[in-house]
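After this come two complexes, each holding subunit A, first together with subunit B and then together with subunit C.
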Partner chain A sequence: MKKVILLLVIFVFLFSYSIFAVTADEIIQKRDDNEYLKTARVESKMVINNNNRKLEKVMISLIDGNKALVEFTNPMDRGTKFLKREDNLWMFFPDAEDVVKLSGHMLERGMMGSDFSYKDMMESEKLTELYNFEIIEEQEYQKRPCYVIEGIKKQGAEATYYKRIVWIDKERHIGLKEELYAESGKLLKEIVVQEVQEFDHRWYPTKSVMEDKLRENTSTEFIIESIEFNPEIPEGTFSLQSLQ
Partner chain B sequence: MSKKHFRSLLILLTLLFLISSSVFAYQFGGDITVGTNTTLFDQEVETTTYQNINLGLELDNANFAVTFKNNTANQEFDILLKKAYIKSSFKNLEIKLGKQPVSWSFGSLINLVDFSLGAEALGQETETKYINAVELNYPVNWYSSLTFVNEFNNNYDKYGFRGRTLIQNFDFSLNYIKQSSTSNSLSRLGVSLKGDIGSLGVYSSYTNMDYQDEIINSDINTNALMVGVDYSFYINQKQGYGNRLMVQGEYHIVKNNAGLPVLLSSLGRAELPFDSGSNIPNGNDYLQILLSNLNYNINDFSSIGVFTLTSLKDGSTALIPNYSNQLNGNTTLRISGAFLSGSQTDLFYSPAKVLNIELSYVF
Partner chain C sequence: MFLTKMALKNLARNKKRTIITALVISLGIVIFLVSDSLIVGMEEISIDNNINLLTSHLQIMDKNYWDNKEELPLNNLLDDNLLVVNQIKEELDIEKSTKRLYFPANINNGREEYPISVIGVEVNTDSEVFKLEQYLLEGQSLKNGNNAVIGKKLANLMGFELGEYITLLFKTKEGTFNTIEAELVGTLDTSHPEINEYHVYIPLQDAQNALGLDGKVSRYFFRLEGKEESIPVTNEINSILNRKSSNIKAYNWEKLSEDILAMTRQGNIENLIMLIVIIILAAVGVINIVILSVLERLEEIGMMKALGLKMREIVYIFVIESAGIGLLGSAVGIIIGFIGVYLLTNIGIDVGSITGGETTFGIPIIDRLYGGWRPNAFIFIFFFGIITSVLASILPARWGAKKDPVKAIYHK
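This part shows the complex of A and B:
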């Protein structure tokens, strides 16, 4: 009997060890493999909900590492473009045909009135480069087994948020929920992924909802209508010239 | 080249362009605006209504925009051609020919080194910026370019150069503009820059102006300096949420002589109900102006704000409050006003008060 108990203890120990043998960084890396866009062309829309009112923004984005070019196509913003290169953001006003560099503080404002800030939309670094991650628990979320992983900003890293807690689907390695915190511990934003799709063995969120906790009764749905991974992007696309 | 010859050339090039292009990618859209403008002057109220339709068509290598304007006060119907230009590239050189918007904005409330003074002022664009011109643009790299613009106008000759680059993450421009007619000429040479110091947006411009008038045989050379800051932050966070307040301030110093008319032209007088500064005699005194813009986002759909212009010498102030609300669909309500506090000898003086209400629908 003692031998059986001993074997059981060893088995449980080994089983639990094998679970946590996967490190947080490996899980985040697998998530990055799915969600990090090296180059992409994305057609998407944002639906901004404020109390009972809705506002819809439609856009086409080209992404190449830390560079992004976004053009809005909905009637109210038609022709408005953004160029992001590292932390510099430039905006093209279509009526005036002007290109103006936006001030840095604008990067933290809601993009075109949404709950996504310009930084949220354009953050392009891999998360493992910005945060130290650790698994804090395992949990079922949206009926999926998930790792709950906490990331604390690395010293000197230029991350938008001090802390992030992310629920990552164990099997599909995709973030299903994410909470973003200030250094004070205040919850700033929450993103919930509502739909995911598999593209060539790669899972990607196609519908998510962001709530800016600093604003009352608002949320923004971000819906990807089409995505092309690793397209050929012509040289000179991410230039002030191409904004005009 | 005269304006007549320019038009003929433009029509010819447009036809050639249209014939040679077989397939177009295009975007078409516009807006319809109805509004009322009320002026209160010596206890008399005058109200006019107006309707504007803007239509725009953008093709791969051409752009067209026109405004149909109807004003009930003078029963006038007017058509303003805003854009009718073609663009083409030869190796790295890009060419735009035709009626086109030209402004060299960098984010300031007024811009003394713009190609067209008053093309954009207090966050609004004016009709001044739409000119018949040829623009040659040579991009040096992703952030640097050299631009030459020649305007075609029967009343004067005008051209300008602009070099734009990025230095230490500051947007830097070097501009030169010369406008001359048979009796006078004004040239402006200036630099502008815009960037960040910490979380504060900062910008500045320095302009040298040379005004020559052959009739009164005068040659005035003067300088103007501007420094500005902008910042935004959350307020009203007591209950765990907040709204953004955007603050922008600009300080200008110019001499009254040639600097005053340039500064006033930069204000885009359409925003104000009077000829500001018409009572100010020319002289060598320094004129100091403080401009500010406060804008508060009430929610995702509406905002309220106020522009102020203050003459530091006489204390006179112009207030331009504004409110906008995006109603259901693509309809926006805008309300704005203009009120001036100064007396007759002050820079910002007018007994008139203006209130403007308009609804616009974008399609």
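This part shows the complex of A and C:
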């Protein structure tokens, strides 16, 4: 009788676990769905700290699915624009009045001198297609209950980082911290979310700091000042002509 | 015959004038020969450096790799134990060969990054083909294990000291970031600016492991007895490869050094212009002196005319005189030039100490510049000296001979 009860307990435990437990992929997917801006107009700024120098870049971004147009408005870079369409990125320099397509190694450079590479800003593939995710821990981070999830690149997948560890807020479905690793195991970059805000029943990170771990004393703060969801985006906004 | 004798006597009669004029010609010839020798020497050294440090005598690689080789791609690679390579070595009796794996990376010192080319070299065989070890400035050459050798200029730029660890950041074939941390064991100071500033050498196996390309290399390299052998051997290798209808092809150093050779050709045009200027200057000096000597001897010309010599005969006397001066000047110029070129080719000039070792002349050179021999230049300039001298004498002699004898005698 005791054995039967024990088996029953184990069965119930396993059954309930499979029903109620969320998988790492689901958590990542939820985070991505939450942080993914389908259509939006975002006013933001980047503060680049390099040793004792501080540079501020202000920009307005129009986003529609996997297309985006970013225009810088701070005096030094006024008129500089980026256009992203799927995996392609173009840049317009007002001084040269020229459109340049960024490709290859150029995409790995820091965007406008920041710690975010162009490639980081362009990632549009589904992370769950590139990585095998696994919950490695549940812990409190920034006083929030979090899942700590580790993603290892799938064999043959063309992902920029070999491993990523992400701390995801269990309730708000936002990544509060993410570490990006090289195949050798070396930590390359770290993003920490410092402020989150609720827009329309949806929590969104509004201030995050990216650190390039291979360079000392540099970091880039990315601050979202306003988000307008589902704005009217005029037709032709994401055309090459609109860059000039 | 009488006229020729008279002309020759004139040469001896005005010794001072003859010697000065001949010396002007000699000087022009010496300058020409020395400049030409330096140009030839520079060409040879830059080609030899390129062979010893970058291209080797010949390489084999995938035909598709060749098209994109400047980007150091990670596709279209070769197996690192290609059977055909052994067959080539056996059939053509080539002893020295090695293989390398190239990839682009950023070198990182914790503060900044700098784009470079990483070269995975087979530690045991690389020195049979390339002469990098000769240029080792500090430390030791590459050994198996986690170590690297870089150019001194790059080490200075990044602030690396021997014994420190350098970090290389790069992408694997799948586009995933990876890093290598290797101990800096040696620095190079070569005559090739590209190597000093952009190359990082690590053991082949480390490169293969880090890129996930076990058993793969970018190219094979061969060293032959001399660079002149490279064209026939390349053709023979290609016929072996064609028999096997493989996608691999051999390329000789000339094909591999097209950019350097193009630069040299460009340099040749500039040098030719320089030589033409030197020749014109020498010719102007000669013409000037011949004109002066004719003007100085107007009275003599008047006297010759009064004695019944025809214009043609007077011009002939002057032409023979000038030819004599040209011959003397050219001969002396050739002898001094020969000594100069001999010294240049055997002792050379220490360019490094003059320029602080930063000399490139736009092409990879050296710390010591040696001259080269071009026998044609000697032959050309010898006749050029005589002909210029002769041509320069005709017009002023005709002008003087045309004069009325009375006016010519009393022209002052």
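We take it that the second predicted complex is superposed on the first by the 216 of 244 C-alpha atoms of A that agree within 3 Å, B and C clash if a C-alpha of one lies under 4 Å from a C-alpha of the other, contacts with A are read in each partner's own complex, and residues count from 1 in each chain.
Throughout what follows, contacts are C-beta pairs under 8 Å (C-beta built on N, C-alpha and C of every residue); 3 or more make two chains touch, one makes a residue touch a chain.
A quick note: this is a predicted structure, and the numbers were derived from the prediction, not measured.
> Clash or fit: how do subunit B and subunit C relate after the overlay on subunit A?
On the shared subunit A, the partners clash.
> Which partner does A:78 contact after superposing on A: first (subunit B), second (subunit C), both, neither?
Once the two structures are laid over each other on A, A:78 reaches subunit B alone.
> Does subunit B (first) or subunit C (second) touch A:129, or do both, or does neither?
Touch status of A:129: no partner.
> Look at A:26 in the shared chain and tell me whether it touches subunit B only, subunit C only, both, or neither; answer first, second, both or neither.
Neither partner.
> For A:103, select first, second, both or neither according to whether it touches subunit B, subunit C, the two together, or no partner.
first
> Does subunit B (first) or subunit C (second) touch A:161, or do both, or does neither?
In the superposition, A:161 contacts subunit C only.
> Can A:216 be said to touch subunit B (first), subunit C (second), both, or neither?
In the superposition, A:216 touches subunit B and subunit C alike.
> A:238 contacts which: subunit B (first), subunit C (second), both, neither?
first
> If you stack the two complexes on chain A, which partner ends up touching A:95: first (subunit B), second (subunit C), both, or neither?
It touches subunit B, and subunit C stays clear.
> For A:137, select first, second, both or neither according to whether it touches subunit B, subunit C, the two together, or no partner.
A:137 contacts neither subunit B nor subunit C.
> Which chain makes contact with more of the residues of subunit A, subunit B or else subunit C?
B
> Which one of 204-212, 258-266 or 366-374 is the stretch of subunit C that crashes into subunit B?
With chain A aligned, subunit C clashes with subunit B through residues 258-266.
> Intersection of subunit A residues contacting subunit B with those contacting subunit C?
Common interface on subunit A, subunit B vs subunit C: 104-105, 214-216.
> Write out the stretch or stretches of subunit B touching subunit A in their complex.
Residues 27, 29, 58, 65, 94, 100-101, 103, 105-107, 120, 125, 129, 137, 139, 141-143, 145, 164, 166, 169, 171, 194-196, 199-201, 230-234, 237, 239-244, 297, 299-301, 326, 328, 330, 362-363.
> Over in the complex, which subunit C residues touch subunit A? Could you list them?
Listed in rising order, the residues are 71, 104, 108, 110-113, 115, 167, 169, 171-172, 174-181, 210, 212.
> Which residues, counting only subunit A, touch subunit C once they are in their complex?
104-105, 108, 153, 156-162, 182-184, 186, 188, 214-217
> Hey, which residues of subunit A end up touching subunit B in the complex?
Listed in rising order, the residues of subunit A that touch subunit B are 48, 50-51, 53, 55, 73, 75-76, 78-79, 85, 87-88, 95-98, 100-106, 109-110, 113-114, 213-216, 218, 236, 238-241.
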